[in-house]
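Listed below are the structures to be examined.
Two complexes come next, and they have one chain in common, chain A, joined by chain B in the first and chain C in the second.
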Partner chain A sequence: MNPMASPRALSEQEIHGRRGRPITDRDATDISRVEELSYELKVHEVMTSDVRVAAPDMPISEVLEILRTNRISGVPVLDNERLAGVISIEDIVRAMRDGKLSALVSEYMTRKLVTVLSYDPIFKALQAFTESRLGRLVVVDENGRLAGMITKGDITRGVLLALQRDYKEEELRRYRASHLFEDIISDRTTLVLRYNIKAQDFIHGGNASSHIKRALLRLGADPQIARRCGIAVYEAEMNLIIHTNRGGILKTEVEPHRITMSTVDDGPGIPNIEQVLQAGYSTASEQVREMGFGAGMGLVNIKRCVDKMEIESAVGKGTRLTMRIHIPEQNSSLQKD
Partner chain B sequence: MNLTKIIKVADGVLLTPDIDTDIEIRGGYGADLMSDVLAFSQPECVLLTGLTNPQVVRTAQMADFRAIIFIRGKKPQAETLSLALQEGIPLISSPYGMFELSARLHKAGLPSFESNGVS
Partner chain C sequence: MNLQQIIEQLELTILTEPRDFASIYPVGGYTSDLLSCVMAGAKGNYIWVTLQSHLNIVAVAGLLEVAAVIITENAQPDAATIAKANEQGVTLLSTPKTTYEIDGRLWELGIRLPA
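== the complex of A and B ==
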């Protein structure tokens, strides 16, 4: 919190509002985030670097003791700093079967090493696990020296920690954003979001509205209010895409007590505003209708979602649509008390 | 109703296997007109539609839908699929038409989420 802001206790509503807010569109993306993380996270970030080691001239019984006391299932074998192999429970079982627990490590260790580089992304390690069917891999640095060991458990733990970090960052982002209006002192604070919308750009249609809705949620708007704004601004954005000659500007002004959204374009303009406000009236093309738009419901929908809608238009000049939603005091953490 | 059960009732194929289907769906809504969807639906439901363009995903996101089922075995465009993955909205394809699918889901206990105004 800004030290300039006067200290005050959080209201029940604010606390509840932050916790109870649905995070639907973010929540579910965590799955594909795991895939991203398998490229972003490096082996050295998740591996165990404090590794127990064995020597080739060590008796196997001693290795067994190392494994038992450290509760691990295998250790790399170092011959004067040089990696000579790995000795694991499976190797020790073979020695036991032969009744030779007092034999030396060099006799039973696995010399064929599967290694991963410490600066490789973890998906390389995952590949190596799948291909080798091993449970643990030796990690080496760029000089081929032992850097650590990695297990599938290390990877799972590393990914979970990274996801938790992401989650905290988003929480923090929301927390900071929702305090924007408290922390900045002015007689009237307004946050303005501005987007340039291209005509006929159906592929990106709705992107700006999506950003606006997310921003409102981050700023602490009630989900119902964010939904109403989202729907209104999406219809307005699609109108710019469908009907204008050269696109237009979509603007959202956020204030603690109200949200004002507007679109401005430079043509073609609406000849008869009364007519376009009638449900079912549409001038949209067949192509637009095939996409599920142009049913003549856009402005009707907008009117239903907002508290105040104004439309001004001049043929050949352009159209300005203004939409306003008032934020009820008890309904928003956008609102200062 | 859990989305996993809905997929079963719809004999559906999950087109976004990376997205978790263990989510609760409160109701269903069917339409091919996106403005109708925006005007008459309620949040947290599943959208049944014959449209497959990216606007369906945007519409679903704006109206707080939890999942989308394409009817009559339709498959979405590539842009639709990538947008759904980005926004974390599960996409399902069902072999049934709108009426048949609505009837099956309703009979299985999924309430209608059509409303007369914005909730």
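== the complex of A and C ==
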């Protein structure tokens, strides 16, 4: 589809450059994205700028012909570049009722104008549609000069195009990422994602895990595997936040045949590893428990989600946790053919 | 039973941005205030019932892709939590009822556990 074929189409570059934020799977069915777009999209991006106009001294029969051949229901009236009003089918019906199709536009046109500004967000136009109950609005520029016309249909089309744009953006990202391992030739390609996790930073708790899961999906990992990694890495991330002195580093290494996640911190270290592996054992403070952490299930959960888990720890030195998930062949585009 | 019907039947307050709740069909439910238990017990498209209302429920709900979180006894998440939920596409619902009552009502409505 060539968007330039229609004067109503909005410039793809424009949207691309300004937003380009990929959307989540859930956004797809999300009405709020449309609401967001009604603020992001501007009237001039969706309006028809190539508009037919009438003049005040034009006979109404001539306007009728313009409306008929262009299949539109109204046109603005320009008096020497100046916007004088609008003449629509309803006005023409009034003229017909009076049997005066040869009368001049100035006699029957609507002088009370409802206009929107071309650089207004489209929600302003939607508001004006609701308030005025009109089907089309005149768009003016900052000098009050005619810039175009906008209908509800233009808005719908513009929003749909923008949504489609968002989709393409995410698809493209996914496509690019999922071919990473095929496109880069080496004996062994590894993609390393590194996150610095701060101690006690509950505000950002889980962010790294969400990003890792998202990255894996983009790389073409099986959703089930991405979810297992997400859960394991979340528990590990929260352990850094809850239990370490100074936070630590969370690392995920993605290879075509396996995903290795690890955390490294510099203390306090675990005195008894056997103990922390028991379900229900926790050293979390009362305060942290009140937030719902410290169930003593973190490492148990990790073990359940990954194929291999290793903990090395030295009191006073720190802890290293390594988790590994193997990617079964033909299960993922992470695999090379 | 879709999420829209559940929201109506249980008179839940929607805290996050509206989405097409009628197209979401929860397949089960899980109740706990301990996040790691939720990580282990709740699954995608479950309803999670909890008293917790702080920011970290969003990460858990988002990673698990639960259908919605019902926060009981009028516990109020703060603005940052709601904003993050919107960002991650997580639906937060609220009720003055207790967790016990909500679980019972959900079970009655046929939200049980997948076979």
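Everything that follows uses one rule, which is that the second predicted complex is superposed on the first by the 307 of 337 C-alpha atoms of A that agree within 3 Å, B and C clash if a C-alpha of one lies under 4 Å from a C-alpha of the other, contacts with A are read in each partner's own complex, and residues count from 1 in each chain.
The rule is simple: a contact is a pair of C-beta atoms (placed from the backbone, for glycine too) under 8 Å apart; a residue touches a chain by one contact, two chains touch by 3 or more.
None of the values given here were measured: they were computed from a predicted structure.
**Q** Just checking: does A:Thr156 make contact with chain B only, chain C only, both, or neither of them? Give me first, second, both or neither.
**A** After superposition on chain A, A:Thr156 lies in contact with neither partner.
**Q** Going by the contact rule set out at the top, does A:Ser49 touch chain B (first), chain C (second), both, or neither?
**A** neither
**Q** If we overlay the two complexes on their shared chain A, which of chain B and chain C does A:Ser132 touch? Say first, second, both or neither.
**A** neither
**Q** So, does A:Gln278 touch the first partner chain B, the second partner chain C, both, or neither?
**A** Neither partner.
**Q** Is A:Asn70 in contact with chain B, with chain C, with both, or with neither (first, second, both, neither)?
**A** The answer is neither, since A:Asn70 touches no partner chain.
**Q** With both complexes superposed on chain A, which partner does A:Arg228 reach: first (chain B), second (chain C), both or neither?
**A** first
**Q** Going by the contact rule set out at the top, does A:Met291 touch chain B (first), chain C (second), both, or neither?
**A** Touch status of A:Met291: both partners.
**Q** Between chain B and chain C, whom does A:Thr190 touch in the aligned arrangement: first, second, both, or neither?
**A** neither
**Q** Jot down the residues of chain A that show up as touching in both complexes, chain B in one and chain C in the other.
**A** 24-27, 29-32, 35, 202-203, 205-207, 209-210, 213, 227, 230-231, 234-235, 238, 291-293, 295-298, 300-301, 304
**Q** What part of chain A is in contact with chain B in the complex they form?
**A** 22, 24-32, 35, 202-203, 205-207, 209-210, 213, 223-224, 227-228, 230-231, 234-235, 238, 291-293, 295-298, 300-301, 304-305
**Q** Over in the complex, which chain B residues touch chain A? Could you list them?
**A** 18-20, 23, 32-39, 43, 49, 51, 53-56, 58-59, 61-64, 66, 79, 85-90, 117-119
**Q** Can you tell me which positions in chain A touch chain C when the two form their complex?
**A** Its residues touching chain C are 24-27, 29-32, 35, 202-203, 205-207, 209-210, 213, 227, 230-231, 234-235, 238, 291-298, 300-301, 304.
**Q** So in the complex, which bits of chain C are touching chain A?
**A** On the chain C side, the touching residues are 17-20, 23, 33-40, 44, 50, 52, 54-60, 62-65, 80, 86, 88-89.
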